[in-house]
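Read from first to last, the chains carry the letters A, B and C; within each, the first residue is number 1.
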C-alpha cells in the first residue's frame, strides 16, 4: 500500500454514556466465580440510557469533533459510521447524524460493517478521498451499543460508546497526521452475528491467537516493514481493546513495553465499545501526547482484519484538547446502575407488548 | 340582533357507562330537554364533542345524533375545540339565534371516554396540545398542566396543603349533586397523599375520566316565552384563542384567552365580576381552578388558595363557585362539559338545581379548550 | 404503523437542529417555526438554528405516560428558556427526578423520543441534559484501570 503522508486529523470527539454497571454485579447475577471479570482486567462498563443508540452517541461524539476541528459542518463532504449495532438493519445511520449536524445534502458516505473495525475502514477510505483531492473534510464515526447474550462471558465487556474523527489535508489546523497505514484481512470467523440473531456467537479461545493476535501482529509487522520503523520508534501504542489483557499481550509479543500501551488503555473503566474501542484509546492518547511523538494505532475487527496506522502528533493538538469534553472528564461523569436497570435500558426485558 | 334564551335543559348522570354509546347517551339528554319544551320542533342541532373520531371511529356526528334524537333531517354539525367544545357549541348556537338565522336550536354535548384503557384515552386527550411540538414528545395533558402547577406554587409561595382546598370544596359540593360522577367527600390529607400522575399533580387534583351528555334548547325572544315560563337570557358571550404551544406564551400563570373572552362577555352583559352570584368555572386541574378565578376577576393573582381556605367562594359567598362540584367532582365529559356548565347555571337561576342551590340573578360559565387555547365565557341573567 | 413518516420527516430541521423562524421585519423569533409572523403579519421569515443552551423554567415528572412511551416512564418534561430568550418544551434526560432544579443549566442532545414498536419508525429529537462544567485534574490518570494520582 502506498504511504500517504498528506492527510491529518483536524478534530476528534468522544462520547460514552454516564451510566456504569460493575462487572462483579453481572458475574453475581449469572453465577460466575467471584473475581472472574478481574481476570479480564475490566472492572466496569458503560450502559447506554434507554433513549440512546449508536446514532445518538455517534452524533454527540461527532459534535465534539466538529468543535475541535473548528470548521463549519457544511464543509464536511463525507460521513461514515462504522457500527455493528445499527438501529435499522436497512436504513442509514449517517443520514440522521448528518441532518442533526446540518451537514447535508452535498455529502457522500455510508454505514459500514466489519465488526469492530468498520470505523477504521472509513478512516482508510477517507485518507484516499482527501489525498486524491475529491473532498476536503471527512467525518468518520465508530459507534456501538454492543450486544452480548445475557450470561455469556461477553456480557462482562460488551459496552456502549462512540468516537469521531474529522480528517483533512495537513495544515496548521491539524492535531496529527498519518505517516502510513497497512491493512491485513483473512476469512477467520472468530465472532459473528447472523442477520436475524439478537446476540453474537464467538469462538472463545479461537478469538485469540488465530484472530486478534494473528491479524494485529501481521498488520503491525507489515506497517513497520514498509515504513522502516522499529518498536522503539513509537511513543504510544493503541490496540483494539476487547478487554484489559489482550492489548498488553500483543504489545509484549511485538516488543512494546507496557508503559506505551497504558495511556491509551481505557477498557478497564468502560468496557469494549467495539467500533469505539481503539479510537477512544487514540483520543485518550492525543490528550497527553506531545508534538513530534509517534503513535501506533491498530484497530481490529472480527471476521477478521486489522489496520495499523503510524500517526505523528503535530503542534495543533494542545489547543484543541479542551474545546470539548475529554476522555478523562467523561470517565469521571458516572453513575452506577444495578442489573435490573441495566436490563431495562439494554432491552433485555421486553420493551413492547403492553 | 335577537336576544337569546335558554328554554330547556337535559343532562345525563356522568360516569363510566360501558353499556351506552354516543347515540344512547345523547338521546337520553336530548329527550329530557325536549320534554321541557313540550316536544316542539328544533330547527338545527349543534354538537360539542372532542374525541368521537379518535376513540369511537365516528365522524359526521351532527347528522348521526340529529337522527337518533328524533330531530329530523335538520341542519346539524359538530364543533370542536378540544375540552372547550361545549362552550364553543353554546357560542355557535347563540350566534345562530342572535343573528336571526333560526328561532329554536338544540345545543348538545356528548363524550365517550371509556372506549379504551387510560393510556390510549390519554393520548387522544393530549391532542388538545401542539401535535408536532408537545404531543411529539409524549407529554400528556396532565403533564402540561403540571408545569403550570409547579410554577404557580413556586411563584406565589403556595404549599401543597393550601392547594388541596380546591378538590376538598369540589367534592363537598358534588356530594349533593345527583348528576355528579364523584359523590364522595375528600380531605386535604387524602388529596396530598393520592397517587402522583405528573408531579406535582396528584390523582385528586385531576378531573376524572367519564362519559356524559347534555342538551340545551336555545330560543329567540320571539318564541322563548311560548316554550318556557322561566327563560334564562344569555346576556353576554366572549370567546378568544391563544398560542397552542404553551412555552410560546409570555405569562404562564394567566390564561389570556380567559381574560379576553370574559372582558367581552362582561361588556355585553353590562356587568362586573362583583355582580356575579354563581360561577361554573373550568377546573380540569386544581391549579386551573385558581388561575380561572384570578383571570375572571374574582380574586387577586396568587391569593385564591388562601382566600378559599378562609371560606371565600364556598356556598353562601358571592360568587359561589362550582356548586355542581366542578370538573373535578361533577365530572368532565370533555366535549359536553361546557354544555353541562350552562345547564347548571340555568338551573341555578331558575331555582331548580337539584344540588346546592345558589340564590341569584347573574351567573357565569367558563369553558376551556386545551391549556387555555380556546376559552368561551358566558354570562346568563334571570 | 402508528408514527406518520411524512409528519416526522418534514419537521426534522426544527427538531434535530432547534431551527426557529425569524421575522425579517420585526425580528421576533418563533419556535416552533412558522410562515407568518404573529407579531406583525409579515410573510418573509428566515430560518435560524437556536443554541440549545438554557435553563429550566419549570418542570414535571410524568409517571402516567401515553401509549408508545411506556419504556421511558417516568418522563421529566421541562420548559427551558434558551440563551436567545426563546422557550422550548422538551424532555430532560440523564438526570434523576430528585436532582432536577428550577434554574438548572441544560444543553440539548439528540436522543430517541419513541419507537413505533419493532417494525415502524424510530423517532429522534432533542432532549436536554444537565450541562456539566468541570475540567478534571491534570495529574489524575486511569491507566491502571482505577483512578490514581500521578506523582508530579
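By definition in this document, a residue touches a chain if its C-beta (ideal position, glycine included) is under 8 Å from a C-beta of that chain, and two chains touch if they have at least 3 such contacts.
Everything numeric here is computed off the predicted structure, so don't read it as measured data.
Peer 1: Quick check for the class: compute each chain's Cα centroid; which one is farthest from the centroid of chain C?
Peer 2: Centre of mass proxy via C-alpha means gives B as farthest from chain C.
Peer 1: In terms of CA centres, which chain lies closest to the overall middle?
Peer 2: Centre-most chain by C-alpha means: C.
Peer 1: At what distance in angstrom does the C-alpha mean of chain C lie from that of chain A?
Peer 2: Their C-alpha centroids are separated by 27 Å.
Peer 1: How many angstrom lie between the centres of chain A and chain B, each centre taken as the mean Cα position?
Peer 2: Comparing mean C-alpha positions, chain B is 59 Å from chain A.
Peer 1: Taking each chain's centre as the mean of its CA atoms, how far is chain B from chain C in angstrom?
Peer 2: Measuring from centre to centre gives 35 Å for this pair.
Peer 1: Which residues does chain C have that touch at least 2 chains other than itself?
Peer 2: Residues 67, 70, 72, 113.
Peer 1: Residues of chain A touching 2+ other chains?
Peer 2: Correct list: 354.
Peer 1: Note the residues in chain B that touch 2 or more other chains, in rising order.
Peer 2: 119 - these are the residues of chain B that touch more than one other chain.
Peer 1: Residues of chain B touching chain C in their complex?
Peer 2: Per the stated touch rule, the residues are 118-120, 122-123, 126, 130-140, 142-143, 146-151, 154, 195-201, 243, 245-248, 252.
Peer 1: With touch defined as at the start, can you tell me which chain A residues reach chain C in the complex?
Peer 2: 17-18, 41-43, 49-53, 55-56, 59-60, 87-88, 96, 99-100, 102, 244, 262-263, 265-266, 268-269, 322, 325-326, 328-329, 331-333, 344, 351-352, 354
Peer 1: Chain B touches which residues of chain C in the complex?
Peer 2: Listed in rising order, the residues of chain C that touch chain B are 7, 11, 14-15, 30-32, 38, 57-70, 72, 75, 77-79, 87-91, 97, 102, 113-114, 123, 125.
Peer 1: Can you list the residues on chain C that touch chain A in the complex?
Peer 2: Within the complex, chain C contacts chain A at residues 12-13, 16-17, 49, 67, 70-72, 93-94, 109-113, 115, 117-118, 122, 124, 127, 132, 134-136, 140-147.
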